[in-house]
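There are two complexes below, and they share chain A, which is joined by chain B in the first and by chain C in the second.
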Partner chain A sequence: MTVTDVNVDELVASFPDKVKKNRKRHIVKKNESAGSCPQIEANTRTVPGIITQRGCCYAGCKGVVVGPIKDMISITHGPIGCAYYSWGTRRNKARADDRTPPEQIYSTMCFSTDMQESDIVFGGEKKLAKMIDEVVEIFHPRAINVCSTCPIGLIGDDLGAVAKAAEEKHGIPVIPYNCEGYKGVSQSAGHHIANNQIMEHIIGTGTEELDGKYIVNLLGEYNIGGDGWVIEQLLEEIGYKVNSILTGDSAYVNIRNLHKVHLNLVQCHRSINYIAEMMETKYGTPWLKINFIGIEATIESLRDIAQCFGDEELIARTELVIERELAAVTPELERYRKICRGKTAFSFVGGSRSHHYQYLLRDLGMEVVVAGYEFAHRDDYEGREVIPTIKSDADTKNIPELHLEPDPEMYREPNLHLNMSKEKYDELVASGRLGYYKGMYPDMIDGGIMIDDANHYETEELIEIFKPDLIFTGIKDKYVSHKMGVPSKQMHSYDYSGPYTCFRGAVTFARDIANALSTPAWKMITPPWEQSETKRT
Partner chain B sequence: MLDCTPKEPVPSDAHTIGKINPVKTCQPVGAMYAALGIHGCLPHSHGSQGCCSYHRMALSRHFHEPAMASTSSFTEGASVFGGAANLKTAIKNVFAIYHPDIIAIHTTCLSETIGDDLPTIIKQAEIPEGRYVIHANTPSYHGSHITGFSNMCRGIVSYLAESDGNPKKERANIFPGFVNPGDMREVRRIVTEMGVPSIMYPDTTNVMDSPLLNKYEMYPGGGAKIEDIKDSGNSKMTLSLGAWSSDEAAATLQDKCNVPGVPLKIPIGVKATDDLVMAVKEGFGVEVPESLEIERGQVIDTLIDTHFQYEGKKVAVFGDPDIVIPLTEFLITMGMIPKYVITGTPGNKFEKIINQMLEEAGIEGSKVRAEGDLFELHQWIKEESVDLLIGNTHGKYIARAEDIPLVRVGFPIFDRAVQPLMPITGYRGCLRLIEMISNTLLERRDRDCKDEDYELIL
Partner chain C sequence: MTDCTVTTRVRQVNENQCHMCMPLGGVVALRGVEHSIALVHGSQGCSTYMRLANVEHFNEPIDIASSSLNEKQTIFGGEANLRKALDNVIRVYQPKVIGIMTSCLAETMGDDIERFIETYKNDREIREIDIIPVSTPSYNGTHTEGFWATTRAVVAYYARPTERHPGINVIVPNISPADIREIKRILDLMGLEYTLLPDYSLTLDRPFGGRYQKIAPGGTSTAGIARMAGAQATIQFGLTCPEPLSPGLFLEQQFGVPLINLPLPIGLDSMDLFVRTLHDLSRRPVPESLVLERGWLCDGMADAHKINAGARPAIYGEPELIYALAKLCMENGSIPAVIASGTQNSGLVGLLQPLLKDALEEPVILEEADFVTIEEAAVRKGANLAIGHSGGRYLTERQGIPGVRVGYPIHDRIGGQRILSVGYTGTLAFLDRFTNTLLEAKHGSYRRLRKEEMLNKKGVSNAKA
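Our next item is the complex of A and B:
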C-alpha cells in the first residue's frame, strides 16, 4: 500500500465508539497540497485500558530532567519501585571534569525513602528529613533534589517544608519537586515541574564570571550514549564555550551560571522549552532551536549558531570544520547508504526524537512513513505558533506556571547578548530562526501519518498496513516489532550504542541501522522444512 | 566507580533509613510477571501510567520479550475521587480491543492509598461471557516484588481453583516461584521425568521466552491454561517452591480445595533438588528414574573434579530470598564461603535460615541481612573484601568499584541476555552454576596472573 492510500478511519474502525472518537483526533495524515498542519490532539489523557507507551510525571521530572544532574543527590520520596526503575535505565552518561571530581558524582546511585505502610498512615515527612540528614552526613553533596511519587500527594506530606528545614539545617540547597505520577497526562508534566524548580532555585544563583567570547548552554540534551559530549566537542572546536548541557552530564555548579551565557541552544524542545522561554523573559537570553541529529541538520545548526553571532572568523571556522568532518565521514556513510536507501521506517518516541531522527534517516536515503510522540504537545507537531490557541484543561491547569518578570539587575536585551543591533536581531526572529520551533509536520512526507500517543493496537495495525523495514521505538515495543518480523531500534537508549550526534555519530547510527536490517538471522525465520522447494536456495 | 561512597566504611548507624541502591523493587512488577504466566492473560495495572510503564520496561529488559499490560491511566481527578470509573472503562476497553481470556488486575501504591475496593468494582464491571477478571492487592509500601508475585499467585488460586469433590487425581501442582521460564521448564521436566503429570502456574515458559516465528501472537502459546488452573483443585498435592513466592498460594489452595502443599525450596543446588525429587517420590510412590540418577551423579562428579577451583573462596550473595537461600546452600556444598548474604525483601526467617545453614557448615564471621541494600553490602566489602559477587545486574557497580568479579544470577539482569532461557534449577542447573562460577574465577586468575604463572592447563 502506498502512503497516500491509508485511511485513518479504517485504522480506528474496530475501537469502541468513544475510543474511536478520541483516537481519531490524535491521528493526522499529511496532505502537502492542503498547506498548513491540521490540528492534532495531544497532551490529553490516555483512555483507560489502552496499552500506551506513556510514562508518568515522576519519570519526566526525576527520570528525564533532574536525575542526570551528576553532583546532586536525587532522593525519591515514596515506596521503593519508582526510584528503582529510574536507576541507571536511561544511559545519561556523566563523568568527572575540572569542576566536579569523581567523589561528587552520584548519578549511578539510587536513593529512596522506601516508604512503608506506617509512613503512608502517619506521614513520611520525618523519614524524609532523616534520610536527608543521613545522606548529607555520609556523602556531603553540594545540593539535593527531592522528588515525590504518587502516594505522597495523597497523604499530604509537605515536601516544600521538609526541604526548607533541611536547607536551613545543612546549609545546602534542597530542592523539592512535587512530581507525583498522576499529575498531568504523561512525562511532560514532570518536565515542566522540573523546569520550574530549576529555574526558581538554581539558575541565576551563580556569581562567577565565565570565560569565553561566545558562551552557550545546550538545553534539552541528555547525553544518552554520550551524545552531548560529541556536540560539546564540536562546538568548542569551532570556538564556542559550552557552559552547561541541560541536563546530560550537567553539574549543579554549572547550572547556577546558566544565565551567564550569550545564547541558549535547544535540542529537545519538549522537555526544556520552558527554561528557554523563562530565561528569555527573566534574563533576556535568546534561544535557538538546533538539531544535531543528522548530517544536514548538524550543518544547518552550526551555520545558524554562527549567524547568531555574526562573527566572520567564527563563520569561516564553522565551514572549515564542516568540510573536514564531511570528508571524514562521507566514504563510510556511502557504504551504509547502499543498504539503507529506499527503506521505510516508523518512529514512535518521546517528544522530539521522532522529528530529529527523520533528518538522519533522510541522510541515509530512508523515509519515515509514520511518526508519533508519546508525550508531545500540539506545538511539537504543528509549530510554536499554535501555542496561544492551545486550551488548557483540568490536567494541565494543575501544573504551576511561573510568571516571571525581567530581572531588575540581570536582564539585558536579547540583541545585546548577541552583541548585535536590534534590527538584525528582529530580522533573525522574523526569519523563524531565533525563539521558534516549527514542529514535525513540515518535515513529514506527503501522505505520511502523524500519530500522537500511539497504542499497541494501532502500532500493530500500522505495521500490517505499511510493512515498514524498521521501527524506532522504546523497549516496550521493541520486541513486539521483532516478533512481527520487523527490525527495531530503541531510540531512548540506542540499544546501548551511540553517540549518534553530529557527523561521526551519524556513521555509528548508520552502521547500527545497516546491521539491524541485514543481520543474517532475519532470513532464517522459516525453517527449511517449511520452505517450498523453489524457495530454498 | 562509586567514588562518592566514603573510602572508609561508614559506621553502621550512619545509614538507618530508606534504601541506597536497593535489592528489591515494588510489588506490582511481581504481580505482572505472575499474571503473564496465565495463557491469554493481560495484566492490568490499576494506577497511573508510570507504574505500568516502568514494570513493563523492567520485565522487557530482563527477558528481552514483550511484556504486555494495560493501565487505568489515573489522572489527578481519579486520584481524588477514586479509580472505579477508570477501572470499569479500562475493563470494557481491554476486552473490546485486546480480547484477552482473562484480565489480572493488580493495584499500585496510588490505588491502595486511595483505598479502591477492587472486588466491588469488578462485580460492577461489564465482563463478557466466558471471560475472567481476577485481582490481587499489591501495595508497594509493604514487602517487595516477591510479595507481589506471591499475592498474584494467591489471587489466581482464590479466583480460579476449584475442587469437584471427587478423589484427587494422581497429579502434582507446581508453584514454581519467581524464577525464569528456563527454570520453570526444568522443574517441570524433572517432575515429568518421574512419570508424574503436573499443572504448573504461573508458567511463563513460551511467554517470556517465546520463539520468533512467522506470526506475531499478542498472547503467545505458553502459559497455564485457565481450565488447568481450575482443575488444580483436584490435584493430589502442590509442590510449593519458595516460601516467599509460593507458600501463601499453596496454603490458600489447601484451605480452599484441600490440596496439601509441600513447602520446598526452589530447587537450586543438589540438596534442594534432592528435596524436590524426594517429595515427588514419596508423594506419588514413584521410583526415581535412572536418567535423573545419572544427572545427579554428573553433578557430584563435576564437584569432585573441580572443587579446587572455587573451594574456600569468599562470596557475597544478594537477591531474592527464595533464590538466595538455596543458592547459599549450594555454595556451601561447593565448599565456598558465603561471607555476606543479603536480600532486600523483608522477613526475619531469611536471616534465621541462612545463619543456621552457616552454623551447620561451621562457617563463622559471615554477615546476613534481610531488608538490606547494596550500599550496606558495599560497606561490608570495604571492611573485608570477597572473591566473588553473585547477584543481579545492580551489583556491577560494586564489582567495578572493588574489582571483584560478578556472576549474574536472579532478577533483574538488564545487561546480559539468554539467561532467562537457561536454568539454574535442577541438577542441570547445578552444572550451569558450577560452570559460571568456576569460569569466572579462572578468567580472573588468567587475567591477573604474572606471565610465568599463566598456564595452559587448569
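Our next item is the complex of A and C:
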C-alpha cells in the first residue's frame, strides 16, 4: 500500500463511536497540495482504557526535567513506587567537572520518603522535613528538589511550607514541585511545572560573570547516552562557550547563571520552551530553535547560530568545522546508506524528536511514514503560529502560568544580547529564525500520517497497514513491533548505544540502523520445512 | 551463630530503594491467568510506569489499561473514568478476566471499587467477563505483597466447593517464566495432575512466530482455578508469604485443602524436599531422569565448593528468593555477608536463624533495606559477590563487587525472563554463574592482590577476592 492510500477511519474502526470520533481528531494525513497543516487535536485528555503510551505529570517533572540536574538531590515525596520508576531510566549521563566534584553528583541516586499508611492518614510533612534534615546531614548538597506524587495532593501536605522551613533551617534552596501524577493530561504538565519552578527559584540567582565572547545555553537537551557532550564539544570548537545544558549533565551552580548568556539554543521544544520564552520576557535573552540530530540539520543549526552573532570569523570557523566533520564521516556513512536507502520507518518519541529524527533518516535515504508524540501540543505539530488560537481547557488552567515582567535590573534588549542593531535583529526575527519553531508537519512526507497520543491498538494497526522496515519508539511498544516481525530502536535509552547527535553521532546511529535492518536472523523466522510447504501450495 | 546483626530501617530517607510498589507485583501475577488484562485504577502514569518496568524485565509487550484519573476525579471520584476504561478495554481487547489494581491515588480518594464493579456489571449486563478488584495501595506493602494479594484475590474469586480430586495445587511466588516452566516439567515428570497459579510462563515469555495476539495465549485457566478447592493438597512456595495474603492458607481455611508451604526448590535440600513431597503425594517412584539431574548437581557442587567457600555474597531482593538463595549458598559453604530485603513482615529473620546457627561468620540481615544500607553492610562484611536484581548495580559500580543477576526486576541485562534457578538443573545453572563470576574476578585480580600483599609490610591484606 502506498502512503497516500491509508484510510484513517479503518485505523480506529474497533473503538466505540464516541472514542472513534475523539481519536480521528488526533490523526492528520499530510497533504502537500492542500498547503497549511490541518488542525490536530493534542494535549487533551486521553480516553480511559485505550492503553495510551502517555506518562504522568510527575514523570515529566521529576523523570524528565529536574531528575538529571546532577548536583541537586531530588526527593520523591510519596509511597515507594514512583521513585523507583523514575530512577535512571533515561540514561541522562552526567560527569564531574571543575565546578562539580564526583561526590556532589546525585542524579544517579534515588531518594524516596517511602510513605506508609500512617503517613497517608496523619500527613507526611513531618517525615519529609526529617528526611530533608537527614539528606542535608549525610550529603551536604547545594540544593534540593522535592517532587510530590499523587496522594500528596489529596492528603494536603503543604510542600511549599516544608520546603521554605527547610530552606531557612539549612541555608540551601529547597524547591517544591507540586507535580502530582493526576495533574494535566500527560508528562507535559510536569515539564511546565518544572520550568516554572526552575525559572522562579534558580535562574537569575547567580552573580558570577561568565567568561567568553559568545555564550549560549543548550536548553531541552537531556544528554541521553552523551548526546549533549557531543554538541557541546562541537560548539566549543567553533568558539562558543556553553554555560549550561538544560538539564542533561547540568548543575545547579550553572543553572543559576542561565540569564548571563547571549543566546538560548532550544533542542527539545516541548519540554523547555517555557523557560526559553520566560527568559526572553524577563531578561531579554533571545532563543533559537536548533536541531543537532542529522547531518544536514546540524549544518543548518550551526550556520543559524553563527548568523545570530554575525561575526565573520565565527562564520568562517563554522564552515571550516563543517567541512572537516563532513570529510570525516562521509565515507563511513555512505556504506550504511546503501543498506538504509529506500526503507521506511515510524517515529514515536519525545517532544521534538519524532521531527528531529526525520532529518537524520533522510540523510540515510529513509523516510518516516508515520510520526507522532505522546505529549506534544498543537504548536509542536503545526508550528508556533497556532499558539494564540489554542483554547485553554480546565486541564491547562490547572497548571499555573508565571506572569513575568522584564527584570528592572537584569533585562537587556534582545538585540543587545547579540550585540547587533535593532534593525538587524528584527530582520533575523522576521526571517523566522529567532523565537520560532515551525513544527513537524512541514517536514512530513506527502501522504504520511501524523498521530497524537497513539495508543497500543492504533500502533499495531499502523504496523499492519504500512509494514515499515523499522520503528523508533519507547520500550513499551518496542516488543510489540518485534513480535510483528519489525525491528525497533528504543529511543529513550538508545538500546544502550549513542550518542547520536551531530556528525559523529550520525555515524553511530547509521551503524545501529544498518545493523537492525540487515541482521540475517530476521529472515530466518520461518523454518525451512514451512517454507517448502508454502512453495508447494 | 546466634547473634547475627538484624537491622530494620531507622532512617527516614530511603536512598536507592530495594523494593517497588504493590500494583507492580499485582500485574505480573495477573498475567498468569488465562485471557486476562490488568487495569490500574489511577493516573495514567502508574500503568505506563508499570508497563515500562515489566517490559524491561520480561522483554515482552505488556498491556496494562488505566482509568486515567485527572484532577477532576480526585474531587468527584473515579467511577465514571473506571466505567469508560472498562468499556474500552472490553471492546478492543475482549478479555475474559479483568483485574483492577488500585493505585495509591485511588485508595487515598477512597473509591469503593467493589460497588463500582457491581453497578457496572449490572448496568452493562455483563456475565461472561470476570472483573476482580485487588486493593494494592503502595503505602501498604511492596511489589511482593502485591503479587501475593493478587494471587489470593484470584483464588478467592474462583474457588468454589468442588468434589475432591487427586490433583494438587502449586502456587508460585514472583519467579521467572523459565523457573515456572522448570517446575511444571518436574511436576509432569512426577506424573501429577496439577493446577499451577499464576502461570505466566507463556504469557510473559512468548516464543516468536504466529500471529501477534493482543492478549498473549497461555496462563492458568479459570476452570482450573475453580477446581483448586477440591485438590488433595496445595504446595505453595511461600514460606515468607504473610498469612493474610496467603492463597494456600485461604484454600486450607475455606475448603480444607491441606497447605504444604515449601521453600523455592533451589539447592539440594529444598529441591529434595519438593521431590519428596511430590513423591508422597503421587505415590510414584522418582523417575530415573530426575535422579540423574540430582547426580549432576551433586557432581557440580563437589567440583565447585572449594571455590565457592571463598564467596561472601550479598544477597538481596524479594524474601522468598533470597531465603532460597541463602540456603543454597550455605549448602556450598558460601556464608552470606548480607541478606537483605526491601520488604518488612516477611518473617525472614526467623526463617534464617536456624539456617545460620552453625555458620562460622555472622551475616548481616536487613529488612526494609535500601541499597545504601546494603552497600554499607556489604563493604563492612567484605562481600565479594552481589546476588540479586538490577538495583544492586551500584554495588558493582561503586564498590567493585561483581554481580550475578537473578530475581526481579532486571533491566540492565537482557533475558530476565529466562533466568533459571529452580530444580536440580536450574540450581546447577545458577551455581555455575555464581562460581564463574567469582573465578572471573579472581583471574582478573589475583596477581595484583598477591603483589599488594607481598609489598605490604603489615602482612596479608584484607583485600577482596
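Operating definition for what follows: the second predicted complex is superposed on the first by the 532 of 537 C-alpha atoms of A that agree within 3 Å, B and C clash if a C-alpha of one lies under 4 Å from a C-alpha of the other, contacts with A are read in each partner's own complex, and residues count from 1 in each chain.
As a convention for this text, a contact is a pair of C-beta atoms (placed from the backbone, for glycine too) under 8 Å apart; a residue touches a chain by one contact, two chains touch by 3 or more.
None of these values were measured; they are calculated from a predicted model.
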| item | value |
| --- | --- |
| Fit or clash between chain C and chain B when superposed on chain A | clash |
| Which superposed partner A:Ile80 touches (first chain B, second chain C, both, neither) | both |
| Chain B versus chain C as contact partner of A:Met484, first or second or both or neither | both |
| Partner chain(s) touched by A:Asp119 [first = chain B, second = chain C, both, neither] | both |
| Which superposed partner A:Tyr411 touches (first chain B, second chain C, both, neither) | neither |
| First, second, both or neither for A:Gln104, with chain B first and chain C second | first |
| Contacts of A:Tyr436 with chain B and chain C, given as first, second, both or neither | neither |
| Common ground on chain A, meaning residues reached by chain C in one complex and by chain B in the other | 14-16, 19, 45-59, 78-87, 89, 108-117, 119-120, 127, 130-131, 134-135, 138, 149-151, 153-155, 180-186, 394-395, 398, 456-457, 460, 474-480, 482-484, 525-526 |
| Chain A-touching residues of chain C, taken from the complex the two chains share | 11-17, 19-24, 39, 42-53, 55-56, 59-74, 81-82, 84-89, 91-92, 103-105, 107-109, 137-140, 142, 206, 208-209, 212, 214, 394 |
| Chain C-facing residues of chain A, complex | 14-16, 19, 45-59, 78-87, 89, 108-117, 119-120, 127, 130-131, 134-135, 138, 149-151, 153-155, 180-186, 394-395, 398, 456-457, 460, 474-480, 482-484, 525-526 |
| Chain B-touching residues of chain A, taken from the complex the two chains share | 14-16, 19, 45-59, 75, 78-89, 101-106, 108-117, 119-120, 127, 130-131, 134-135, 137-139, 149-151, 153-155, 180-186, 394-395, 398, 456-457, 460, 474-480, 482-485, 525-526 |
| Contacting residues of chain B [partner chain A, same complex] | 1-6, 10, 14-22, 24-29, 44, 47-51, 53-58, 60-61, 64-79, 86-87, 89-94, 96-98, 108-110, 112-114, 139-142, 144, 210, 212-214, 216-218, 344, 375, 394, 397, 414 |
